[in-house]
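Next, two complexes with chain A in common: one pairs it with chain B, the other with chain C.
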Partner chain A sequence: MHAEFQEVVPSFPLQAHNLQLSYQGQLALAGVDLWLEPGSVLGLIGRNGAGKSTLMRAMIGLLEPQAGQAFVFGEPALRLSDAAKARIAYVPQQPEALAWLTATQMLDYVGRFYPRWDAHFAKTMLHRWEIPPSRLLAKLSPGERQRVDLIRALASSPELLVLDEPAAALDPVARRELLREVALRAGESGTTVLFSTHIVSDLERVASEIAFMHHGRLLLRCGVDESKERYARLWLPSRQASAAPKQALSRRHHEDGSISLVVECDAQQRWPEAAALPGARIDALGLEDLFVEIAE
Partner chain B sequence: MKLLAIMQTPWQANYPASRATAMVLYVSAAIGALAIALFASGDQTWRLASGCYAIGLFFTWAFFFPAGLLLAMDARLLRMPGVHRRVLQSLLLYGLLTVLLPAPILIALCGWRAAPCLVIFALCAVGGLNFSLLPRYVAVFVGLCPSFFDALTKRWEIGALIGPHLVALGAMLALGLLALVALRWRALLQGTVAASGWTAPLVTQWRQGSWGTLNRMGRTQPLRQLPAWLQAQADITATALQWPRKALRIALGGWYLPQTAKSYAKQLSLLPLFMLPSLGALLVLSGTHRGDTTEVLEGILIGLSASFVVLAGPMIALLTFIYLQRRWSRTHAEVALLALLPGIGNGVQLKRRLLRVSLGLPLVLHALLLGLVWLGVALYPDHRQPLVLLLLAQLAAATFSVALVLSLFGDRAPSLWAVGGIAAISFALNIGSILVTLLGWQQRTPAWMAEVVPTWLLGWLLFVLGMAWLARRGWLALQERPHPFLPFTSNAD
Partner chain C sequence: MDASLLTIQPHASEPIYRQIVEQLRRLIASGQLGAGELLPSVRDVAGFHAINPMTVSRAYGIAESEGLLERLRGKGMVVTARLRASHTQAQRLALLEPQLQELARHVRELELPAEPVLRRLTKLLGE
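Right after this comes the complex of A and B.
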């Protein structure tokens, strides 16, 4: 998809063309094209092992793809200048960096490298999220470590925020606070955000767009609200099963011979012709249902 | 079927590499003892044979069988019935097989004078268990016991005192140690004593894998277990952009971490504690007024220094390699942070900077060891020739460090097994160098030595050439990498 996108646009925070990567013979990325426009919040969703983290890491130059290229603010992701690096913040799934420093030391250390470091924000957030400032990071709980790393990322005042399952270890209160902060940054400062998650409600809360990954491929990308209008489940009884459209995001055969497909409407908002067959049924899909239908 | 399950228990409790190591050592010791008993002659044959077997026995009971305790502890936590009993039955069975069974064989081969071997074997088995189950700081002192005992025998006629009562005293000691094992086993199983931290027994280290503590290198867990007063206090002052190398050292952590003076002082304060047994031995010796005391002390000092110098060299290279390899394999840790950190450097400049930091400390340590040997050359000019071999050994170890780090950062690192093989060659060359040095020192150079030394030098030369090839290959590959903080794809783990 999005094969029409070919040129490197310097204003785009992230661009990836035909990214391909495999680990020990196992395909992790199968030619992914993806880009983010300034100020957009893209939620990446997919099952475990779908390739979300790999895609994010390859897009910001933390992995070298076997084919394809990634660009950050128009620069090759694998050879970023200091100016470009200062505009990015990345939070990994289970932050483990600098475990031998205390939270205060770590923020002090990292902060010296960023020209727009917001020390007041870092201090305030440490206090608000009740992080013991002088305890070693190694001795913090996974949730606390994730919070410290989120503070680190946000305090650098990034223009591009890449978050790999940022809410995975957070309690509901902290998760809501984080999402609010992300939405605020995107809305007020125009920060571009790429984040992965398993929690569909998080996507609905902050993402302007979603992208589904499955087996190293990007199956679909659309606006969050648009997804409900653009995709639906088409159910065909057994006698009509042979008329099922060839193009479908997922296809499931039932024991009684009937068939369910996730289908996409065309530019004129029309469903495939099979939807008009006798006995056929079109069901609207919520985001979570859409995810489950595609991922199963 | 039940007997088979009992026999398999220690195997199930250990990692494959531990099983292989224990088997190789035990079987080698047993075959060695048998060969001595069969082919050697003289009154002392049984002592040599017992000693040879006892080494294998101690190792097996110290590093192989105690893993059953870990199995029993886990089974207790998981409420799995019968496992603890099976572990105890396996210990009893293997106790009979490894302690009671070999004794009659040795007695049959060497005569009744070999009867004390039973006590020696029993002492080795329970001693090995104690070594593994007692707090690890005790194990440090146990390792120094032979030296201390040797020092004691120089002052008092301990042999004459104990000799006639060896069997009775040994049996009583073995029973006492067995009681200690039982108490400690029970306490660890029930969790009434710490199973982590400084007071934890050695056996808990095997949870980390076959390589024990080495497996913990570069992990966060040891940091969690350290008591607060022993934690390294990072010195993060003056790490502004004009000090990128210091910033890199902070990010690498471990022994690269720059610490505050207070933090260094706290850690160095532990050093005298480990020197206590040696100091005790020296005090005991200093009480004697025998003419050869100075000579003995000097010999011990030179032997220890030479051994330390040549064995520390390859260890520095190995530890550096394993530590850096571990840090780079943690994709959620510092490498991701460093790759995106502005101001740390870019391109070739960053690669050179990283190499200077990661090689700086190991090379300083190699230089210190070289300095120690150089001091020996200065203090003992008559022994310059044997000491030159130690200098060569240290220089070769430094090339080993450089080659490993360059090949690692170039993503061309040999597999861990290949690195182990190279380290084994290095250790073999080093041990040979010690032998040549010590024999040359005592002016007891055998005739064949003159022929062996050139071959030895050729061995070192080939080793250094091999390392130079590895280093060059790594350096060229590093130039090709877009940045040095990409994860490694070579089979270094």
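Right after this comes the complex of A and C.
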């Protein structure tokens, strides 16, 4: 039996198997497997250049991988039917389409293509997020431009929402509003959401799962609550350093001979035995700490 | 009860669902939430704090299984009626468990023997 073989599940909004992609010899995706179940909110964390945008674009068929395959609602991502396209909304970091229209014109225009377009929502949000309604999109700031695109995506009432660094364009109040929309839609309408960010607190609020991406690979994928309950930092003084468990997500040796490791608890919520040694310390990790620890 | 009565700290190393359960336990044990009092809907809590509704449902579910809350058909979650009388000493002690665990952990880290710590604690409690 091949361990890599995975069945295509039509009910899964997103499914990717072994995606590989390089740009000019530079490896961007080094064989990524990722799938999202309906109604889940997956936050993708990673440093700049980790491959987050590339992964999202390849997953919805905007980039062709050199190996591997992606599926959207069970259809091959590179050959999506119009029906499948109407169910998804993607907001890139720098939207460029239809720049010769004003925000109002663009939303009126694209609204016609979506069966569940919410024109009232679009109008309300343009006002709330202070978008000049009759200025050409080309003349808006990058932040305003991304806000218009977020409104476009949400107004289409998608079943799958893919957002690339949506927080960058928003002030704290608008960011909270976006998170509220994302959380309520996922919880009540079953909208599936994939979003990338390096603002970890956003993930902690709304995400049901997180995936850490580093140098084109997924280092870790788990539930947000689980990530906090399952991993911790174990610090051992130099005299105990030799007792450090062999299994650890990361391992750092300090100048004074002490050592810190990211360790995992077992099914009975027990930490590795070394945690009980005299002088040993176990510290709970927030998501941000966990990310920094394992991405070094 | 209003959704704003809960405090959510996304950065904390304690998951949000546990933060909610913990606060419900305390609010109920202290009587700030009285028997029969209606809790805000999952949607209200999730919307107010911009958190995932499934997190709130999970917290309410745990509080329900602990007997703190009960589901009233057509109304929502309310604080269980007979609760305060049935709060035994063991149940109240269980509320302290996380703090006791934390204390025990610090004691081990400082490599202190148990006796002086217990003496000091006894003194504090006697005051």
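Quick note on the criterion: the second predicted complex is superposed on the first by the 279 of 296 C-alpha atoms of A that agree within 3 Å, B and C clash if a C-alpha of one lies under 4 Å from a C-alpha of the other, contacts with A are read in each partner's own complex, and residues count from 1 in each chain.
The rule is short, and it goes like this: contacts are C-beta pairs under 8 Å (C-beta built on N, C-alpha and C of every residue); 3 or more make two chains touch, one makes a residue touch a chain.
In this text, all values refer to a predicted model and were calculated from it rather than measured experimentally.
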Q. Looking at the overlay, what does A:V8 touch: chain B (first), chain C (second), both, or neither?
A. neither
Q: Considering only the touch criterion stated at the top, classify A:L62 as touching first (chain B), second (chain C), both, or neither.
A: first
Q) Which partner does A:A183 contact after superposing on A: first (chain B), second (chain C), both, neither? A) second
Q: For A:K228, select first, second, both or neither according to whether it touches chain B, chain C, the two together, or no partner.
A: second
Q.
Tell me the contact category for A:A30 with respect to chain B and chain C: first, second, both or neither.
A. neither
Q. A:V206 contacts which: chain B (first), chain C (second), both, neither?
A. second
Q.
Quick one: is A:E288 in contact with chain B, with chain C, with both, or with neither? Answer first, second, both or neither.
A. second
Q: Across the two complexes, find the residues of chain A that touch chain B and also touch chain C.
A: none
(Q) With touch defined as at the start, can you tell me which chain A residues reach chain C in the complex? (A) 41, 176-177, 179-180, 183-184, 186-188, 200-201, 204-208, 224-225, 228-229, 276, 278-282, 284-286, 288-289
Q: Please name which positions on chain C make contact with chain A in the complex.
A: 8, 10-18, 42-43, 46-47, 49-55, 57-58, 105, 108-109, 111
Q) Residues of chain B touching chain A in their complex? A) 220, 223-224, 231-232, 234, 236, 239-241, 247, 250-251, 253-254, 257, 330-337, 339-344, 346-347, 481-483, 485-487
Q.
Quick check on the complex: what are the chain A residues that touch chain B?
A. 57, 60-64, 76, 78-83, 85-86, 88-90, 92-101, 105, 108-110, 112-115, 136, 138-139
